[in-house]
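Each remark here refers to the structure printed beneath this line.
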Amino acid sequence: MKKLIEGLHRFQAGYFKSHQDLFESLSHGQNPRILFITCSDSRIDPNLITQANVGELFVIRNAGNIIPPFGATNGGEGAAVEYAIAALGIEQVIVCGHSHCGAMKGLLKMSKLAEDMPLVYEWLKQAEATRRLIKENYSHVPEENLLRITVAENVLTQLENLSTYPIIRSRLHQGKLSLHGWVYNIERGEVLTYDPVIHDFVTLEQRNNSPEPEYIYNLYPSCSVSQAEG
Amino acid sequence: MKKLIEGLHRFQAGYFKSHQDLFESLSHGQNPRILFITCSDSRIDPNLITQANVGELFVIRNAGNIIPPFGATNGGEGAAVEYAIAALGIEQVIVCGHSHCGAMKGLLKMSKLAEDMPLVYEWLKQAEATRRLIKENYSHVPEENLLRITVAENVLTQLENLSTYPIIRSRLHQGKLSLHGWVYNIERGEVLTYDPVIHDFVTLEQRNNSPEPEYIYNLYPSCSVSQAEG
Amino acid sequence: MKKLIEGLHRFQAGYFKSHQDLFESLSHGQNPRILFITCSDSRIDPNLITQANVGELFVIRNAGNIIPPFGATNGGEGAAVEYAIAALGIEQVIVCGHSHCGAMKGLLKMSKLAEDMPLVYEWLKQAEATRRLIKENYSHVPEENLLRITVAENVLTQLENLSTYPIIRSRLHQGKLSLHGWVYNIERGEVLTYDPVIHDFVTLEQRNNSPEPEYIYNLYPSCSVSQAEG
Amino acid sequence: MKKLIEGLHRFQAGYFKSHQDLFESLSHGQNPRILFITCSDSRIDPNLITQANVGELFVIRNAGNIIPPFGATNGGEGAAVEYAIAALGIEQVIVCGHSHCGAMKGLLKMSKLAEDMPLVYEWLKQAEATRRLIKENYSHVPEENLLRITVAENVLTQLENLSTYPIIRSRLHQGKLSLHGWVYNIERGEVLTYDPVIHDFVTLEQRNNSPEPEYIYNLYPSCSVSQAEG
Amino acid sequence: MKKLIEGLHRFQAGYFKSHQDLFESLSHGQNPRILFITCSDSRIDPNLITQANVGELFVIRNAGNIIPPFGATNGGEGAAVEYAIAALGIEQVIVCGHSHCGAMKGLLKMSKLAEDMPLVYEWLKQAEATRRLIKENYSHVPEENLLRITVAENVLTQLENLSTYPIIRSRLHQGKLSLHGWVYNIERGEVLTYDPVIHDFVTLEQRNNSPEPEYIYNLYPSCSVSQAEG
Amino acid sequence: MKKLIEGLHRFQAGYFKSHQDLFESLSHGQNPRILFITCSDSRIDPNLITQANVGELFVIRNAGNIIPPFGATNGGEGAAVEYAIAALGIEQVIVCGHSHCGAMKGLLKMSKLAEDMPLVYEWLKQAEATRRLIKENYSHVPEENLLRITVAENVLTQLENLSTYPIIRSRLHQGKLSLHGWVYNIERGEVLTYDPVIHDFVTLEQRNNSPEPEYIYNLYPSCSVSQAEG
């Protein structure tokens, strides 16, 4: 705690003093453009890795960057998603998994958790879609690669889940919302992003060379319902 | 009831007698190829409109052909879906809405239900994604068309919801499962089916002329994770 | 699917064409007289076995024809029951189990389901009253008869559960509602119905000879409360 | 509190001292013969009104002597019921309502509770079956009698609910369990008991004169399943 | 039951007759000063051990005198607590555990309960905070003392839980509410009470000698928020 | 998104390159010393304001930095708390509210949220203890100060809630856990911390001058149970 308190003083004397106008202005309201959903893991610092300023990222963090399907839980995840989009008008949502994720490790050996960490055990059941997919489709994969794939598939599971939320389904329909799937690699300091066209995670370099640099992730089956209307 | 009991006798003396072998054979086990999810509405008879034989359709029926997202309810819907796919190996799932649906009418005027039909009111909250989408995106549509669109959009909502179920997400990944969205029109005796390529509901005739008559509905973002694995 | 689409055409060209007036009339509203609750099993076709017309049966189908007690789940069962009685004014409710029911087989060996079909496992807990009754009272019964008894007792369990629903309790009190317990035998094409007077399931023939052919199942302890009022 | 502490001393010096053997014996285990379910109301003292000794009544008390249907809540009611019957082997269950019950008064004007007592409001929804029955069947009753009837009907609602519990359904089937409905009248010091034969609440005097003084309340439709077994 | 009915007559002819004025007066409303929360155990008679009159104790009884944290269950516990404080204005709350508590015994060997008493098993999970504390902190204690400590710690767990209820948190802030932790010893007829100053359970004698005989249990961190207001 | 991607490159080329050893070392496991619970608000950057390094803070973020009582929700909050303490051995927990919190503003005018943000509305019910306390105890406070007090009281509510979690209750008992309440003031760049001795929030300066610089927040009523053991 001592270190933390010293940090607070360093912050106040340093960064805060030199950005006082920014903070004064922020005290009148936030206007973030990104909803950043990531793991509670201490090795992820969203503002650091994106070099985003204070005020730019609205952040949800829990164990395993899990967003349960609409209605499946009454925790804070859905409320924060709804607030970000309905109240703040955010149009970019990033779900960011990461290498060496303890929650995903837990998911691969659930049964060990039931006794000592019953709440973690229950929570990971919300990622059952990830677990079953891995178990039924990646049995051939050597164990050292399994975690990596689990992390990636779990990000996609959460994108599926997100699209069941009323506010998200409605905004996707309007073409006003983009969902992005990221995997942050701690040891390489690198982010892979899901490319729904080639159905794979690619480096930012690969994405950058594409003609469409700000790709909008869109799995929504929009419905012009001309027939239905007729 | 009298009529029903007479009907049972008529069935036994007629259809049953002439198909006794079929029933004898079915008594050793069912092997349906279709999971048919539709409304409880009395005007829908799944076997009649598809002319399917006894033993061909595994059927889930509730008010509004709603399948809540994975984990959102503890009713029978998820269990029946899981049983159909995991135990019976079904690979074709149809969600079939219908014209003049009372549940969808209720969804458009929810507040009137709270007092007299509290359970219906609570249940329709599971279709909130449909309700919000309609409210925020179809305010310009004349009221007489709104129900039709609601029915169609609701079918798509349920397809989204279905894809959050572990067994479905896993089988979609394997390419072993198809999800179909239907709207049955009572007065025309006709079915419209959702075409994810052109993003609209089309008649079976239109689909028939296409090069790919048994289209597999696929909104799943499959993930080859070559990078993630590397 | 091909077969199904062909069936749709056959339906439209055949049955629909010859009953166009019925369907036109039904498009203005349904008026079913029976709430028919049965299993999702593909071998049951409610309209076929009762020879009921389109528009006569309001149908709820899930795995095991289970209606959890009021408030126990937030699935579609309660809502459909409430809608049938409060909105459609239905006065006859049938719970129809059936021979060779896979859900009831599952109930007799629950533990095997937990891993592979967790949703089915959870759902069958709603039939725990049936399971415990069988376990504690039929230990002497040879295994080949146990399923048959489980199916029958489960129908009675659901009648008990139904009577906890507010709309049902209220209408039973008015004498305006009848609850019927049926077991459909696939290989015999026959229905047994519960007779609350002799406390057993009997064939329709046996019931037919009774002086009261449309027996109203009534387990409701009505309360004239003369003392309470005084 | 002072008064209470003095009471404790009085108890220890008086009743406890003169019954020390009873308490010593009870410290080796309880063996109550009655499960007594009643309201938290301070005006009811189960041991006083039944003159039962310490060790004779296993007691559940909450606002309104409500036992929600099996599975409807995760509060302590179901557990205590199960413990009483499965662990203690109790075979007599009494649900005892009472005149001037504040919870039942609340049930008749629910809407006033939502804001100030949200937990009471939610809890009383568990007695919705009582509320709807009263609203739909006793509109003609003058207000001063309505509470009395509500209390009586609510006792019967709870008997219905009780019969959905697995342990209760199983023991009723064995004929080893009796459910009794009581209404205690505070100002008369009198108990009315439900008589399922004449469908009314009667005084103990009336019951006493009957040939069957310890009537067993039995609404269970037992099933000999001879046909089902055959 | 016979004995009980005789008891009712004895009560009416004896206690009721001699206290008719009290009961008449109570019929106009209750005004209890104590909320007494205790176990369903038949060996506890709250009015007897405190020698309290009819009308003085508002009583909640369940297996293990457990009050789950606010929002954790939808059973009757929270509603009764809220009613006692918000509607009746009660300012003294006692949680009274007891020696030889069967529920607490169950808590120490939970796994044995899952199969035969599933509802008890689920309910005791509400006392998981007690179970974990005992398991992680009292491993050195000989088994014959463990139950006694479990009972005592469980009373404190419930006091913690109580303080999460809105009405309680608000009234504690006003200084208008006292929470008391009691353990009743059946074989000694004695009550130990928790003393938050010395952090231990003490006999009433010890408390009596203190300068503050009606100690108000206060774990609430009140907040004058002078800085926060400034 | 463009800006974000540029930021990622800047991070990789700059901070990551110069701290490659730290990241390499972190890829072998995290060892954070602080569980930092704060709002999703974009104006809070935990690592910035505490100047903590990557790897030092395990972070939970949701709307309003709310941790519902144990068992009240099945969202990610409890799991992350449990993981932080049981798996990572964290011994310092900070709940950090902040000035101008949108969630707390919402709490003060709940009714406006029900229609447009139903999930936020439901989520804020988890802070009902804060809302009721404010409503019943601060009616005299001018509106411009009310938000500030709400934020502060809400931090304390969450500390109360935290102490109902089994792992927390157990570790508090061991004296191995400290709970801290912070309020971060955006426009002053300053943190107030709750001082349980003087029952108020104070600046770090005030705390610094005190003899006990790293105060451990301890509201736990530890129980030496000497009597109980005897």
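Structure notes:
The letters A, B, C, D, E and F name the chains in turn, as written, and every chain counts its residues from 1.
Convention: a residue touches a chain if its C-beta (ideal position, glycine included) is under 8 Å from a C-beta of that chain, and two chains touch if they have at least 3 such contacts.
Note that the coordinates shown come from a computational prediction; the quantities given were computed from them, not determined experimentally.
Common neighbours of chain A and chain F under the contact rule above are absent. The minimum number of touch steps separating chain D from chain F is 2. Each step here moves to a touching chain, and the least such steps from chain B to chain E number 3.
The distance from the centre of chain A to the centre of chain B, with each centre set as the mean of the Cα atoms, comes to 31 Å.
Centre-to-centre separation of chain B and chain F, using mean CA positions: 44 Å.
Put simply, the C-alpha centre of chain A and that of chain D have 51 angstrom between them.
Annotation for chain D: residues 68, 73, 118, 126, 128, 165 touch two or more other chains. Each chain touches its neighbours in a single ring, whose members, counted from chain C through chain D onward, are C, D, E, F, A, B.
Within the complex formed with chain B, the chain A residues making contact are 68-73, 125-126, 128-129, 131-133, 135-137, 141, 145, 148-149, 151-153, 156-157, 159-161, 163-167, 169-170, 173-174, 183, 192, 194, 196, 199-203, 219, 221-229. Contacts from chain F toward chain A in the complex involve residues 1-12, 15-17, 20, 23-24, 26-27, 29-32, 34, 40-45, 47-52, 54-64, 66, 68, 73-84, 86-87, 92, 99-100, 102-103, 116-120, 122-124, 126, 165, 178, 180, 186-187, 189-191, 204, 207-208, 213-214.
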